[in-house]
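Here the structure is laid out as C-alpha cells; the discussion comes afterwards.
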C-alpha cells in the first residue's frame, strides 16, 4: 500500500467520522426528560463515537476498495475460480476425511461439553434444518417467503396440542407434524403462488402474522398467550430421562435429522425437481416455456419447505417443553431468511454455516450482553456488503459425460 | 483469500462495535470491577444468577432486578459475604423468549449456580423451570405472576416475591364492585400472558360476585397507535368502569384517548401499570386511575433504603419489579446463610421458615412457593403520585 | 349511525397515521424496489430527534407551537441525513448484488438502528410532549376527531398532493419516474441514478421524520421499538394501495385504518390485525397490483 | 405459375403441423394482431418477417400460450396424436405437446451450466418425482443418465460440447443463442419456434447458424418457424415466407415470390433497402 493511498484512506475516514459524529451527536450526547424538563449532556459519548467511527471508516474504505478490485478482476475472467478454501473443501481427498472428522466431533460432542453447550447446539441444529428448508423455497425455487415461521408454529402446536390432550408421544407426532406442515404449505400455497416476487413476500408475511394472531387470540384452541407447558420430551420405550439425558438424546435425534435433511436437499438439488426449481428461480417465463409446470414446481418447493419447518416445530416444542405464540414472530422468519441469504442462497454448506453463525454468534456474544444485537445487526449489513452472494457461493454439479453414449 | 476476509470482516465488526460501545460500558465496568477485585481475595464465592429480559424491547422489566441483585450482593459482601463467600451476580439474558430462557437456564446449571432470581416473564419461566428442577436449583421470580406456576404445585424449587394473577384480578374486581359500586364493567387486555391472565381472573371474579356485569371482554393490539375504535365500543356498551390488564405503554395511551373522546369513567388496572413511568406517559390524564399493586408500606424502611441505594449507585430511580427483585435477592441470600451452604433442601427449608424484612414487607414462603404476607392493595394516582387507597 | 360515524372517523385518523409513513415507504419502494425495513427505524429516529429538540427548547421555556415547528425542521434535516447515510452504507454497495441481499442488509440495518437508539438513549418508553395545541373550534367534534387527528390527516393530504406534484412536474420527479420504470434506460438517457436514489431516500426519510414527530406528539410516547410495527403497517398500506403509487399509499392507509376500526367496532378487536392482513391477502390475490397500482404487462 | 399451383396443392394435400386461422389479439384498445392465417407443413422452414413492431413476437406469444388470442383458432398436429386446439393452453403444455421456442432477448438460466440448461428441456419428457429423486433408485438413475446423455448429444449438435460444464452466464453471445436452440431441441419438438436466432451475430456466425438449422431439420425431422431480420439468411433458408405489417399478414409465398411482391417492397424492403 503506497503512502498516497494511506493518506487518502485517512482523509476519507476522517470525513466519514466527522459526518457520523455529527449525525449521532444529538442522540448520543443529549438526554432529555420532558416531564422534569431537565437535559443531560454526555459529551464523552461523542469522543467515543468519533474515535470508533474513524477506525471503522478506515477499515471500511480499505475493504471497499479491495472488494471493488476483486469484483473487477472477476468480471474480466470468464472462467470462475473458487477460493482456495472452497477448492480444498470440494476436493474429495480432503472433503471425505473432513466430513468424517466433523461427524466424529458431532457424535462425541455431548460427552465432552456441558449441558449448556449441547443445548445451544441443538438450537443451532434446529436452525440448520429450518435454514435448509427455507433454502428450498427461497434459495432454490426463488419464492420469497417471509412467513416461514407459520409452518414452524404449525408443527410446534401440532405436537403441543396432541401431547396435551391425548398424550401422544414425540415419535408418533413427528410424522404427523410433517404431514400437517405439507398440508398447510399446499393450503396456503395455492392462492398465493401466482403472485410474483415481492408481492408473494408481503402476502406470506401477512399469512405468518395471521397464524400467530390466531394462536394468540383463539384461547380455547391454543391456550392463547399463556401457551402450553409441560410438553413431554422425547422418550423411548417409556423410560423417563433426566434433563441431561433427555438433552443428549434430543441432540442425537437432531444430528440424525440434520444429516437426513442434508441428504435429502443435496439429492434434490441435483435432480430433475431441483433443476426445475432453479430454472423457476432464474426465469419463470422461460421455465414454463420449456415445459415445466410452474404451479406444481412452486407448490412442491413451498410445501417441502413447510414440511421441514413443521418437523422442526415438533422438535422445538419437545425441546423447550413450553411454547407460546411469542416464539413465532416475524423476527423469527427474518432470522431464518437471514441464515439462508447470509450463508449463500442455494448452497447447503452455506446455509449450515449461516445457521451456526447467526445462532451461535448472539449466544457467545453474551459477554457483550447489551451490545450483542448491535453487533449482530452490523454483521448482517457487513456480510451482505462485502459478500452479497453469501458466505458460500452455490455451485452446480459438474457432470461427467458418458462419451460412448453421446457418440 | 475470500475466507480470510470473511474472518476479517467479523473481526472488524466486533472490534469496531466495541470501540463504539465503550461509551456506555465504561461506567458499568468501574462498578463491576469493585466487587470483582474484592472477590479475588477469598477463594470461595457464591454465584447468584439473575435471568430475565436484559435486552430487547422488554429489557426495562428485567434490568431493575439485576441492579437490585447487585445492591443486595454489595451489602452482603461489605459485611464479609454469605458464610464467608463473596456474592457474585451473574446476569443471564433471555429476552423473555422461552427458547432463550432454556438456554440461559442450562447455562446457569452448567455453571453450577444454585440460586437464581428469575425469570421475568411467565412464559420464559415456564420453559426454564423443568431444567432448574432437574438440577435442583432454587428459582425465585420477582415478576412471573402466572397463577399456575405455583398453584399447580409442580415445582417445589420455585418461589416468587410477587402475588399472582388470580389474587390480583380478584382484588381489582372486588375493589370495582365493592368500593366503587360499579354495575357494568368493560374488561380489556393487551393479549399478553400477563394482561390476559389478570383480565380473565377479574372477569371471573366479577361474574362470580353477581353484583355487576361484564359488559365486554376484548383484547387490544399491543403497540398500536390508536385505540379509538375500542373506546367507542366501550362507550357504546354503557360500561361505567374499565378494567385493563396489561402494561403501562398501552394503558397510558388508552387513558389519554378515553379522555380525549370524553369518556371519563373509572379506570382500574394492574401492577404492570403501577409504575411511575405510567404517570409520566399519561400526564394529567393519569389522575384518578386506580391500579392494584403489591402492598408496599410507604414508610417501609427497607424499601426506602433500597431506593436510596439505587439512586446513589446508579444515579436514577429504580424501575419495574425492583422491590420484588430486591426482596428475592435478600431472601435467597438469607436462606443460603441460614442453610449454612448451598444444599438444596436446606435452602428450600430456610425459605419456607425464615422471615426476612424486605421492601415488599416481612415475608416467608408458603408450601406452594408464594410469599406469605405479600398481598395486593389498590392505589390511585393523585397529584402525579400513586397513593394507597384506604 | 352515530356509532358508525365514530368508527369511521376513528379509522380515518388511524389510517392517516399509516398513510403518512406509507407515503415515504411507497416512494422508496417504487424507485428501487427494495422493502426498506429500515424505513420504520428512520421514523423512530425522527421521533427521537423531535423529542430531543422539543425537550431542549421546552426546558428553555419556548412556547409549544414554535417548539413543534423547530422540532419538525431539525428532525426532518437529521432524519434525511440518516436516510442518506443508511443508503450509502447498506444499499448502495449492493446495487448489483442478488435481489435478496439488500433485503437482508435492510433487516440488519433495522436491528442496528434499534439497538443504537436503545443503548444511546433508553429502553424505556419516553413521554413525548403534547406539542399540538388543542384548537377551540375542534372541541365540538371531540367525540369524532381531536385536533392532533385533524393535524395528521391534513398533513398527510398535503404531503400526498405535494409529492404527486413534485413527481409529475419537476425535473427530479421525472428522473425518478424514469428510474422507477427502467433503471438501465434512465442511466442511458443521462439520468444520474445514484443521485436520484439519494434524493429518494432523503425525501422518504424526511417524510418519515414528519410522521415520527407528529405521531409522537399525537400518541404521547415513544421508544426504540415503535418503528418496527409502524414499518410493517405502513408497508401493508403501501402494498394495499398499489406500491409506488402515491395516492395509493394514502388510500391504502385509510382503507387499512377503516378495516381495523370497523373490525374492532362491529366484530372484535381481538382479531383487528387478522382482518387487516386478511384484507391485504385477499386484495393482492384478486388485484395483485393493489388498489391504485397499474398492472404491468409482463415483457417477453 | 405452375410452381405456385403445385405449392398450393401441396399445402392442401399434406396435413400441416400447425395451422393458424383468423387469429387476432387486442391489448385493451390496441389491435396487435388481426386475421392472421398461417400454416407450417411437416419438415418445412417457414419465416415470419416484417418491420419492428409488426407483431411477430406477439404472434409467437399467442401460439405458445403466453398470451391467449382474442379470437381465431390455433391448431397443432402432433406427430402421432390427435389435432389439438391450443389457444390459451398453458405454456408448459404447449411445450409438452411438441412446440418449443427460443426468445428474442435470450432467456437462459444464468446460474446453471450449459448442460443443465439443456437438461431443463428434458423435464417434460421425464418423470422422477420428489421421492424418486431422494431415494435415487435404479429407475431414477437410468433416467438421469439418459437425461445427461441426451442433453450432451444436443449440445454436440449445436457445437457446445466443450462448454458443457460452464455457467451459461459466462458463455459468449453466439453460444448463448445456440444453447437456447439446444434447450428447445431437448424437448423433442415437432415444431421449433425461433425468435430472431441470428440477432447480434456477425455474417460468419449467421452462416454457421443457417447450416445448423438445416442440419437440425434433416436430422430431427422438425419443422421450423422463425422470426428473422437477416434477409440473406431468410431468403436462402426458408421454404416459405409470411410478411407481417401492423399485425396483418400482407404477403405470403416462396422467397422469390415474396421478394417480388410490390406490397412487401413498399412496406419492408423499401424502407430497409440498405440492410
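Labels A, B, C and D are assigned to the chains in the order they are written; within every chain, residues are numbered from 1.
Keep this in mind: a contact is a pair of C-beta atoms (placed from the backbone, for glycine too) under 8 Å apart; a residue touches a chain by one contact, two chains touch by 3 or more.
Note that this is a predicted model, so its numbers are computed, not measured.
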{"item": "For subunit A and subunit B, chains touching each", "value": "C"}
{"item": "Most widely separated chain from subunit D, with each centre as the mean of CA atoms", "value": "B"}
{"item": "Which of B-C and A-D has more C-beta contact pairs", "value": "A-D"}
{"item": "Subunit A-subunit D separation of Cα centroids, rounded to whole Å", "value": "42"}
{"item": "Separation of subunit C from subunit D, taking each centre as the mean of its C-alpha atoms, in whole Å", "value": "49"}
{"item": "Rounded Å distance between subunit B and subunit C, as computed from the means of their C-alpha atoms", "value": "35"}
{"item": "Centre distance in Å when subunit B and subunit D are each reduced to the mean of their C-alpha atoms", "value": "72"}
{"item": "Sites on subunit D at which at least two other chains make contact", "value": "66, 103"}
{"item": "Set of subunit C residues in contact with two or more other chains", "value": "115, 119-120, 122, 127, 270, 273, 300"}
{"item": "Contacts with 2+ other chains: residues of subunit A", "value": "28, 35, 45, 217, 285, 370-371, 373-374, 378-379"}
{"item": "Residue ranges of subunit B touching subunit A (in the complex, touch as defined)", "value": "1-3, 5-6, 8-10, 12-26, 54-56, 91-93, 96-99, 101-103, 106-107, 109-111, 122-123, 126-127, 130-131, 134-135, 146, 148, 154, 191-193, 196-197, 219, 280, 283"}
{"item": "Subunit A - residues contacting subunit B, complex", "value": "28, 35, 42, 44-45, 48-49, 51-53, 55-56, 59, 63, 66, 83-85, 114-120, 123, 216-217, 219, 224-227, 229-230, 242-244, 247, 316, 319-324, 326-327, 363, 366, 368-375, 378-379, 382-383, 386-387, 391"}
{"item": "Complex contact set, residues of subunit A against subunit C", "value": "19-20, 23-24, 26-28, 30-35, 37-39, 45, 64, 67, 138, 144, 191-192, 194-196, 198-199, 201-203, 205-207, 209-210, 213-214, 217, 285, 330, 334, 337-338, 341-342, 345, 370-371, 373-374, 376-381, 384-385, 388-389"}
{"item": "Parts of subunit A lying in touch with subunit D, wherever the complex brings them together", "value": "78-80, 263-264, 267-268, 271-276, 278-279, 282-283, 285-294, 300, 304, 346, 394, 396-399, 401-402, 405-407"}
{"item": "Subunit D - residues contacting subunit A, complex", "value": "64, 66, 90-92, 95-96, 100-101, 103, 107-113, 115-116, 119-121, 123-124, 126, 128-130, 132-134, 136, 140, 143-145, 147-149, 152-153, 156, 161, 164-167, 170, 183-184, 187"}
